[in-house]
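The same chain A turns up in both complexes below, where it pairs with chain B and then with chain C.
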Partner chain A sequence: MRLHELKRAVLDKLFHAAAASASAALLAVSAHIIAASVVEGLPALLAAGPALFVEPPGLPGGELGGLGPVLAGTLVIVSLSVLMSALIGVPAGILLSEYGGSWLARSAGAALQMISEIPSVVVGLVVFTLLVLPMRTPSALAAAVSLCITALPYVAAQTRESLAAIPLTYREAAFSLGLPRWKAVLMLLVPMNARGVATAVLLGAARSLGETAPVLFTAGAAFTAFYGLTGPSSTLSLLIFYFAPSPYENWRRLAWAAVLLLVALTAALSLAVRRLSRGVRM
Partner chain B sequence: MVEAVKVRNLSVWYGSQKALDSVSLTVPEGSVYAVLGPSGCGKSTLLRAINKLVLLREGARVEGRVEVFGVDVYGDSRADEALARVGMVFQTPNPFPHLSIYDNVAIGPRLRGAAKGRELDELVRYALEKAGLWEEVKGRLRKPASELSGGQQQRLCIARALALKPKLLLMDEPTANLDPLNAAKIEELVRELSREVTVIIVTHDAEQARRLATRGAILFMGRVVAEGPLSRVLSMPYGKLLQALVAAHSPSHTP
Partner chain C sequence: MMPQARLEPLLLVLAPAAAALLVAAAAIILVLAKGSVDALAQGGAGFLASSEWSPSEEERGSYGVLAPLAGTLVVAGIASAIAAYLAVAVAVYLYEYAPRRAREAVELSLYSMAALPTIVFGMWGLSTAAPIIRQSGLTLLCARGSPTGQSFFTAGLVVGLMIAPYAAAIVSEAYRAVPFTYVEALHSLGARGFERARVLLGMVKGSVLAAALLSFGRAVGETTVVALTVGSAVNMPLCPFEPGHTVSSLIASQFGNAYLYPGMESVLLTAALVMVLGSSASTTLGLKLARAAVRKAQGGEA
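Presenting the complex of A and B:
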């Protein structure tokens, strides 16, 4: 009997130790990511000064320069992607949550499921054949479309989940007012869940900001100037992809500055998402 | 006698579980009708079958006929029109959490396009006065509804229903979550409203039914065991009631 208890106590301790070390490993990884981007990125950021936000990158092996055109490209591409994924993803999420039984919703759900399972590099390739080849040039537009496609399932799923989380009693109240179904949904349930929809859109933004594979074939790699919506462009993640492994010291430092910016932006977005989703209470 | 609600052979399933079994009853216009019975007997389901809210529940299936002011709500193309004259008050006060006191009452008529501007203000005031809440909230109509106390929230929900100018009001144990003082207020309201509106009130409290209603029904395990004038329903001899309960519970009625 004593032996049995001892065995249980040891197993318990072992399990606790395993769980604790797993969480410690997780913490270490995220701490390392943040520390590395600050340690490597901050000096580059400070060295470049305000010029970082305006100047193009310096010549290979030359001066540091800045991330101006890349930031412009990121801003335009991500904004456009967020706009498009919100315009399609939010209504899709509403459809999935409120009209889940209809064949339209079922096929939309299946399509979104499929998109979310396709590797994002494939999405990039598909947009390459659909937009880049006919237009004969990679462009900010093509990059935004491919990012929008990768973000769509997240926006739709988050919208659907947040609507589905509205307690039945409010749903019943909304439907007891003798309104047509679409009116009760659009004018009562969706506004009631405004924070949930905002969360979904921000989640899509975070997705668009971080993805690299979809823009590999679609954005081009125009780091030195911004050529507008239909011209070749670039994003922060794309710059990191090309500059970080380059042999040029100044480009590697720029890549680290971009890493720091990207981590900070993503952290800010995820913080906003947490804030918003915590605020949803009914 | 004009009928506000006529239910014939109504059965409701949630998935494979039968919640109502061949329920038939008649609610005359201009009366207060009480639906009595123990918890889980199908009272709330019956109420939600009348205004079709039951269809919001997962796997719900309805069979039989429900007429509201002569319109078959599950078959007639005028069903939405008929149900637009039906208001509902729920067991737990559920004002819309994102709306102000004013907007909670105004939202129904506004979205229906029934009133706007001054006219809407008047309607909101009318509904809040009817619900006995106007004096308490007139100075803070723009404040969130969640600031009100439970009893006030329930009266706000009544005002929300009244702003629809309903001819039929469905009340699902409206006093179950209130203290006696607030419950008495709501009862007083129901008595007053019954002069203009047909009320169907679900309750498990026979005394409350006696105070408010003239007719009623007792439900047990999804079946009607007694229906008619309340004095007769409630004075049903114990033996007969027992027989009816046994009949409702007999194997031939259980799947």
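Presenting the complex of A and C:
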């Protein structure tokens, strides 16, 4: 009996240690990632100064330079992608939530499910084949289209979930007043749920900002200048992908500066999402 | 079928969005299908079973994708094993052992890891994980161990850590869904933490499998992290600490110039299709299992 108790106590301690060390490992990794991006990125940011937001990256192995054209590309590509994914994703979410039984909603739902399961690099391949090849150049536009497709399932799913969370009583009240469904949706459910829709759009923005694989073949890796909507362009994450493994010290430092910017932007976006989704009033 | 016979005016506004989604989905299928048909028409299906990769600009080179296909399986397998283990351990820790402060810290770290862009994990894998693997001496275990620390294992490790928060969310959801009376009963029997965990995990074992499958599905398609940490060499994954390629990292490194090499582009598109099918199958099955696991836990069946 004594031995049995001892065995239980020891096993319990072992389980505790294994579970705690796995959790500690995850804690350590996330802390180290954030710490590393600050420790490596902040000196690069400070060294570049305000020029970071204007100058192009320095020559390989030369001066540090900045991220000016890349930031411009990121701003244009991500804004365009957010705009497109909101214009398609929010209506798609409304369709899925409010007209769920219709064949249109069911086929849109199946398409969304398929798109969400496609690895994002494949979206890049498809846009490359259908947009970059005919245009004969990678472009900010093609990059935005790829990112938009990757972000769409998130925007639509979040819109649908937030609409579905509105209690049935509100719908009943609207229908009992004799409002047609489209009026109920547009004048009651969507305005009631403005926060949910805003969350959906922000989620799409976070997704567009963070994804790299869809822009690998579509943006064009033009880091030194911004060539407009139909010219080759780049994003922060694409710059990290190309500069991180490079042998040039100044390019690696720029990559770290970009990592820090990305981490800060993502943190801001996810804080905003948390704020918005917490205070839903019903 | 539409619920009412009347035409809903709003549907006219929503229909273009649905149409855009259908066009996007159809475009993906068509491009992959056309690439695959081209590849099969040009040289048969032999490239799927060959590991010889020798590009040529003049004539049709050999583009065997067996090694990257096998590499994808190995990297995704390592990643999903790591993610599933961490998910179970974290769920057990959070619900059976953790004091409140530790629990909040772990939950915050899971939340922030899930929010970080994947490229940040790629940077971390390149700057931290790969050097650790190199200095650990593990690469010496392999005949052609990676000199840089970038290997199948490194990629699997970083991807596994990256998707662990998602896997943990799936296991935790099922764990939480077990009715409180069971937890109460276990406590009243004087069960220790590991005994409670054993019983409760037995009730949610479907969710662990679901977490592993969903992790596998995600890891199969993961591109940038893998491309930065796998070492980029066409190499059969016979030893985990050798550099290699997965389908996605091969695409990332080769597709940009594939038009220079006759036949390469369609081979890469076919490999992408195989990857999509594998990833979708795993994800679909995983989602089904995850939902079933939560229902089962709620019902309290063992």
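The criterion applied here is as follows: the second predicted complex is superposed on the first by the 259 of 282 C-alpha atoms of A that agree within 3 Å, B and C clash if a C-alpha of one lies under 4 Å from a C-alpha of the other, contacts with A are read in each partner's own complex, and residues count from 1 in each chain.
Here is the rule we use: contacts are C-beta pairs under 8 Å (C-beta built on N, C-alpha and C of every residue); 3 or more make two chains touch, one makes a residue touch a chain.
Keep in mind that this is a model prediction, so the values were computed, not measured.
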I'd like to know which partner A:Val155 touches here: chain B for first, chain C for second, both or neither.
neither
Where does A:Thr212 make contact in the superposed view: on chain B (first), on chain C (second), on both, or on neither?
second
Would you check which partner chain A:Ala86 touches, where first means chain B only, second means chain C only, and both and neither mean what they say?
neither
With both complexes superposed on chain A, which partner does A:Val263 reach: first (chain B), second (chain C), both or neither?
second
After superposition on the shared chain, which partner residues are touched by A:Glu172: those of chain B (first), chain C (second), both, or neither?
first
After superposition on the shared chain, which partner residues are touched by A:Leu64: those of chain B (first), chain C (second), both, or neither?
neither
Looking at the overlay, what does A:Ala48 touch: chain B (first), chain C (second), both, or neither?
neither
Which of the two, chain B or chain C, is in touch with more residues of chain A?
C
Dual-contact residues of chain A (chain B, chain C) 180
Show me the residue ranges of chain A that touch chain B in the complex, using the header's touch definition.
168-180, 183, 187-188, 191-192, 194, 281-282
Applying the document's contact rule, which stretches of chain A touch chain C when the two form their complex?
8-9, 11-12, 14-16, 18-23, 25-27, 29-34, 36-37, 40, 87-92, 94-95, 98-99, 101-105, 107-108, 110-112, 114-115, 117-123, 125-126, 128-130, 149, 152, 156, 180-182, 185-186, 206, 209-213, 216-217, 237, 240-241, 244-245, 255-256, 259, 262-263, 266-267, 270
Touching residues on chain C, where the partner in the complex is chain A
1-4, 8-11, 13-18, 20-22, 24-25, 27-28, 31-32, 35, 85-86, 89-90, 92-94, 96-98, 102, 105-106, 109-113, 115-124, 126-128, 161, 164-165, 192-195, 197, 217, 220-224, 227-228, 248, 251-252, 255-256, 268-269, 272, 275-276, 279-280, 283-284
For the complex, which residues does chain B have touching chain A?
48, 51, 53, 56-57, 80, 83-88, 90, 92, 94-98, 107-108, 111-112, 157, 160-161, 164
